Amino acid sequence: MVETIVNILFSGIFHASVLFLVAAGLQLVFGVQKIFNLACGSFYALGAYLGIVFVKYFLSVGGPPVLAILPLLAAGFVLAIIGPIIERGLLRFVYDRDVHFQLLLTFALLLMIEDIIKLIWGTYPLSTQGVYLAFGILDIFGASIPVYNLIVIVASIVIAGIMAHILSNTRFGRIIRATSDNNEMAQALGININNIYVKVFTLGTVLGTIGGALVIPSTAAMSEMAVDLIVLAFAVVVIGGLGSMKGAFVGALLVGILKSVSFAVYPELEMLLIYIIVIVVLVFKPQGLFGTAT
Amino acid sequence: MEKNRREFLKTAGVGVLGAGAAALLGSQKAFAAPAKGVPKGPVKIGIMGFQAGVAAVPGIAGIRAAQIWADQINKAGGILGRKVKLKIEEESKAKDTVEKFKKLTIKEKCDVVSGILSTGNGQAVGKEAEKIKQLWLSWDGTTQKGLIETQPKAFYGFRSVDNELEAVAGAITTAKVFPNIKKVAGIGNDYSYGRNCWAAYKRVLSMYNPGVRFEEGIFTKLGETDFSAAIDALAAKKPDLIMSSFWSGDTSIILKQAAGKRLFQKVKGCFTTGGGVHDTLKKEFTPEGLILGYNSLYFRWTDNWPLLNEFTKIYHQKHNAYPVYECCHAYFTLQAYKAAVEKCYGLTGQWPTKEQVVEALRGINVPSLSGYRGYRQDNKQECCFFMGLTTHKNSYDFVTIDPVYILPSAMIQKPEGYTFDQWATAWEKKVKG
Amino acid sequence: MILEAINISKYYGEFCALKDVSIGIDEGEFVSVIGPNGAGKTTLINVLTGFLKPDAGQVNFRGKDIAGKGPEELSTMGIARSFQLVHIFPELSLINTIKVAIISRQAKGMRLFASLARDKEVHEQALEVAELFGLADLLEETAKNCPQGIKKLLDVASAFALHPEIILLDEPTSGVSTSDKNKIMQVLVDASKKIGIKTVLQVEHDMDIVFSYSDRIIAMQQGKVLADGSPAEVEKNEEVICTVVGQKECFQTFNRIMSMNREERA
Amino acid sequence: MKKTGIVFLLLILAFLLVWPFIGPEYQVYLTLSFFAYSVALLGFNLLFNYTGLLSFGHALFIGVGGYTAAFLTSRFHIPYMEVSILVTILLSGVVAILIGLICVRYIKIYFAMLTLAFGMLFHSFLMKTYHLTGGDEGMSVEQPYLLGMDFSSMDQMAFFSGPYYYYSLGVLILASIAMWRIVHSPFGLCLTSIRDNPDKAEYLGIGIRKYRLLAFIISGCFTGVGGVLLAPITGHMDPGMVFWTHSGDMVFMTLVGGFSNFFGPMLGTVIFITLRDVISSYIEYWRLIFGALLAAIVILSPGGVIEVLTNLFTLIRRKIMAGENAS
C-alpha cells in the first residue's frame, strides 16, 4: 500500500514537474503579452529533439552520462534564440490586434514547427541512450524510483524558485508584474515595452525548451508530442488560473497527480477526467484557482 | 532456432524461392518495348501511408519499401516491360484518406492502390474500393470492426492479416514459454487495436492455461510519452506477466521507464508487436527473456534469404535505419500485384483487367522479405509472424530474439467464413478434447 | 421621486468610493453631479445604472428596488446612460448604432429572419433620432472613423433612442472643444424635450454648463454628498466651489467668470 | 448587396450549375466537400465574425452531424437525408444549448479554450464508447436517399457528380439564404453590436448572454448540417473529424478566405481544399506551408484573400475609370 502511494505520488510529481515548466512558459507569456501560446508544446518538442542531438554529441566525445544534464540544459538555452526570432519576426505585428489573431498566429507556429521537426529529425522515435538509468534507482518503502526522475523534479523546483525570485525580488520582475497589470501604464512610465516583450517571450520559450530537454532521457521524442502536450498544459493553466505562476505550479501538480491516481483507480477515466475538471473549474471558478482576470 | 527455421523453410519450399528471388534481383535490363498486348506508358501504382503522427513510423517505412521495390523492378525491366510509377499520397483521417484514394483512382488513373495502415481507414477505403471498382492491396488496414469482419465478400479489396494476429501469436508463445503463470495484466493503446489484441490474447491464453487470471486492461492514448503512472498501476496489480500490444515508439518508452522502476525484474513480459521498432529497444533498458513479437518481418530471421539481405542493405544505406515490419507488407502487396499481372498475361497474352488481377491474386503465393506470402480465396493476406525471447547476445546495441518461433498465419488467423469466436470455440475444443 | 439612492456605500477593496450616499431625483428634473476627480461621481452613476452593485444601501426606481438588476433589465425599465469614455460600436454605421437601441426598445431583437433594411418603422425612428442630434449627414459613416465630438453625440443619441424615462449622462461634453460644449448641451436639451425624456442626471465638469442647464446640483467629495440644491444655492456655497474647482482664491474668480458668461449670453 | 456583387454571385452560381458537366470528375467530387464545409463555416462565422466569439471546438458539431448520419443510415437503416438533417439540427441544438449555457458566459481566449475543451471531451467520448461509435475505427455512413429517392443502383461517382452534387448545392444555397437573412436581421445587428461593445449593448437593453447563446445554437446547427453533408462523401466518420486540429482547419479556412466578408469563408474552403489537395500530393511538408500561409494572412491581411481581391478589384476599376476620364 505504502509502496503504491509512494509510486503514484512520485510519478505524478515527475509528470507535474515537466508540465509545470511548459505551463510556466505559457503563463508568463500570457500574463505579460496576453497571448495564449498554442505553440508552447512545439517549443517543448524542439527542446526534446535538440536535447537528443546535444546529448549524443556529448556522449560521443566521451562526456560522462551523469553529466548529461549539462548538454540538456544547454540545448534548452540554445533554443532561446528562437524566442526573439518569433517575437520580433511574427508576434510583434499582432499586439494591437484582436486576441483571436494572436491565438491563430501561434496556431500557425504550431503547424510550422511540427513539420520543421519532421524535416530535420524525421518521424522515427528518437531517444538518448545511456542517460536515464545512469543515475541509478532509489528504493524507498518498497517503491523504485529512477534517480533521474528526482533530478528532473529538483531541477523543476529550482527553476520555479528562480522564477519566483526573479518575479518578486528583481527589477525585471517588478517591471514584468507592472506590465502584466497594465501595460499602457508601464509604457507611460517609460518602460521599453518591446524590450520587455522580447525578454518575456524568450524566457517563456526557454522554460518550454528546457522542459522538453529535461524530460527526453526518460522517454522518446515523437512527432505527436507537441500536440499532445499542449492539451495538458492548457488544462494546467485553466485549472491554475491563466497568467498565474502559482496557478501553473498548483495546476501542474493537480493534473500530474490526478493522472497518476486515475491510472491506479480507474484507468479508463484518465483524459476524460482532466477535461471534466477543466470544464468544472471554468464553470465554477472561471478565473482558475489562482487567476485574477476573467 | 535452427530447428524452427528448418521447419519453416520446409513449409515454404525454399528451393523454388531462392530461384525466384535471384531472378528478381537479376541483372540490369533496359526498358525494352513492352511485350505484345501490353499497353504503352507506365503502370501507375498508388501508395498510401501515414506521413505524420505516431503511425508515420510504419507509414513512411512502407512508402520507402515501395520505392525500393519500384527501383528494383524498374532496373529489372518493369512489369512486362512497363515501367512502374508510384503516386504517393498521405493517409490521414478517414475523410481525407478516402478523398486521396479517389484521387489516385479517378484523377491519377492508378492501376492499383497499395497502402493504408489504420483499420478505420481500412473500413472506409475497403467500402470505397468496391464502389469505384479499384484494386486495393492493404498493408496493415483490416476491414474488421473489433474482431468481426465487416466486408466478408470483398472483391477489389485485398486486406491485411487480421488485427489480433500478433496477440494470438503472443498468447501461444506465452503458453509455451511460460506455462505456469497465474496472473496477467495488460496494457495497450487506447483504440481498437489495443483492445482487440487484449481480448484475443485473453481468449487464446486461457485455452492453454485455464487457471490464468486477467487483470483489467490499461489503455493509454496513442502517442503517450509518460507511462510512469501506468507502470505503477501495472505493478500494483502484482501480475506474473504483463502483456502489451504497443507497436510504436511507446514500446521503447515503457520499457525504459519500466527499467527505472525495476518492473521486469519481478515480472515477465510479452510484447506481442513490440518488434515493430526493434532498433529502439536498446539493451540498456530491455531485459533478456521477454517475449517479443515481430509483425511479419524480423530482419534476421534467416541468413539465407537474398531478398531480405539485399533489401535490408539498401534500406540501411538509404535511410540509416533497419526496416520496420510495414516494409514487408508493402513489399509483398507489390510483389503479389506483379506476379498476378504476369500470371494473367501468361494465360491471355494481354495486360489483364482489374477483375482478372483479382482472380489471379486469390490463392497467389510469392516471395517477399520474410518468406513466402499469399492471399487466401477471401482476399485475406497470409504471412508469417516471428516471436521469440529477447537476448543481448548480438553485435547490436538493441535486443534481438532467440530462439525465433515462426508462426504462419494459417495457424493464428481465423479461417475463411469463421468469426473469431467460432474459431476460438472450435480451437478450444481441439485443445481440450 | 423617479430615482432614489438610499444610504448606498461602495468599496473598492479598502478604498471607499461612496460612503452612505442618499440622493433623490424627481421626475422632470435636470440634475448635475459635480465634484473633483475621485469624488465618486462615476461610481454613483455606475451604481444607479446597475453597472456596479452597492455594498450597502438601496437604489429605487419608481419605488422599486433595482439593486443588482443588470443594465439590460434597467434599460427596459426606462433607465439609460452614456459613458465618460465614449462607448460606441466601432464597426457599425451611425444609423445602425441608433437602430440597435430602437430594435431593443421595440423588442425586435429576436427577429431572426426579418429584414432589417426593410423595417421602415425602425429606420424612420432611427432617422428621427439622427436628425435630432445633427447626425443625419453621416448616417452611413462607420463609427470608428468619426471625430470625437460625433462619437460623443452618437453615444448619447443611442441612449436617447431608447426613449428612457431617465437618462444618466457621464460627462457628455468631456473631450470636446469648449466651443462645441454648449452646442452639444443645447442638442441634448432639445432632444430630450422632443423625445419626451423629462429627467436627466449628468456628471459634468464644465461649471458654465452645469450652472446654466441644471435645475439642481449635487456636489460630491470623497464619496460623500457635500451639497444638494439649486444652482443659485450652490453658487453661493464657498466650500463647494472651492472643493470642486480646487483653490481657495477661486471663489471670487469663479463668480466673476460666471457673471461674465451670463452677460455674454444675454 | 451591390449590383456588381449580385451579378458576380449569379455568375458563380451558373458556373457551379454546369461544373459537373465540364469539370474533371475528381474536381467535381472535391466540390462536394466545398459545399459541406461552406455550410459548416456559415455557422462558424456567425460566431466568429458576427458575434466575436472564436470557437476552437466547432468540429464537435461536424461530429454531431456526421455521427447522426452514420447512426441513422448504418445502424437504424433510415437512409433519408432529410431525416438526418432534421435530427442533426435537433441534436446540434440540444448539444449547443448544453455547451452554450456554459460557454457563452465567457469571451475571447476563455471562450476559445472552453469550446476546445468541449470538443476534446467529445473526442474522448467517441474514443471511449467504441462499442457504440466504433471508437477510432469510426462508423460507416451509407449512401442516403435524397428527397425520398433511392440512388443505390447508380454508379457511385455518377451519384456524387449528379444527384448528390445538386442536393448539396441546394442545401448550401438554402443555408446561405437563411444565414444571409439572419445576419441582416435585427438579431444580426444586435449580435454585431455585442461583438463591438458588449457593455454598451447591454445598456441599450440587449441581453448579451441570451443573444450569444442563440447565436451559438444557430451556429451549431449550421455546422451540424455541414457535418451531415460531409458524411456521405467519404462514407465513413471517425473521431479525427472531431479532433481539435480539425477545428483548427475550419478556423484556417475562414481566415484565409476572409472572415469579415459573408462569402469569405466559402472562398476559404475552396482555397483550403484545392491547396491541400495539390500541395499534399507533392510535398510531404504541407503543414509547414499552411502554417506559413496562415501566419502571413494573420499578419499581412487579416481580411483574408477576399479582402485582397476586393481591394484589387476596386483598384482596377478606379484605374479604368481614371483612364476613361483622362481620354
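Order of writing sets the labels: A, B, C and D. Residues in every chain begin at 1.
Operating definition for what follows: a contact is a pair of C-beta atoms (placed from the backbone, for glycine too) under 8 Å apart; a residue touches a chain by one contact, two chains touch by 3 or more.
Just so it is clear, the structure is predicted and the values come from calculations on it, not from any experiment.
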Touching chain B and chain D alike: which chains?
A
Would you mind telling me which chain pair, A-D or A-B, is linked by more contacting C-beta pairs?
A-B
So how far apart, in whole Å, are chain B and chain C when each is placed at the average of its C-alpha atoms?
77
Express in whole angstrom the distance between the two chain centres, defined as the mean CA positions of chain A and chain D.
34
Between chain B and chain A, distance of the C-alpha-averaged centres to the nearest whole Å
37
Can you work out the whole-Å distance between the CA centroids of chain A and chain C?
50
Could you check chain B for residues that touch two or more other chains and list them?
51-52
Two or more other chains touching the same residue: where does that happen in chain A?
114, 118, 268, 271
Listing every touching pair of chains gives A-B, A-D, B-D, C-D
Interface with chain B, chain D side, in the complex: residues 24-27, 29-30, 33, 127-128, 130, 134-138, 140, 156-157, 230, 233-238, 240-241, 243, 246, 277, 280-281, 284, 287
Touching residues (chain side chain A, partner chain D) in the complex:
36, 90, 93-94, 97, 99-101, 103-105, 107-116, 118-119, 227, 231, 234-235, 238, 242, 268, 271-272, 275-276, 278-279, 282-283, 286, 294
Can you name the residues of chain D that touch chain C in the complex?
178, 181-182, 184-190, 192-193, 195-197, 199-208, 211, 214, 218
Can you tell me which positions in chain B touch chain A when the two form their complex?
51-54, 56-57, 59-60, 216, 218-226, 228-233, 235-236, 248-249, 252-253, 256-257, 259-262, 277, 280, 282, 284-285, 321, 397
The residues of chain D that touch chain A in their complex are 48, 54, 56, 102, 105-106, 108-110, 112-114, 116-118, 120-121, 124-125, 128, 244-245, 248, 251, 255, 284-288, 290-295, 298-299, 302
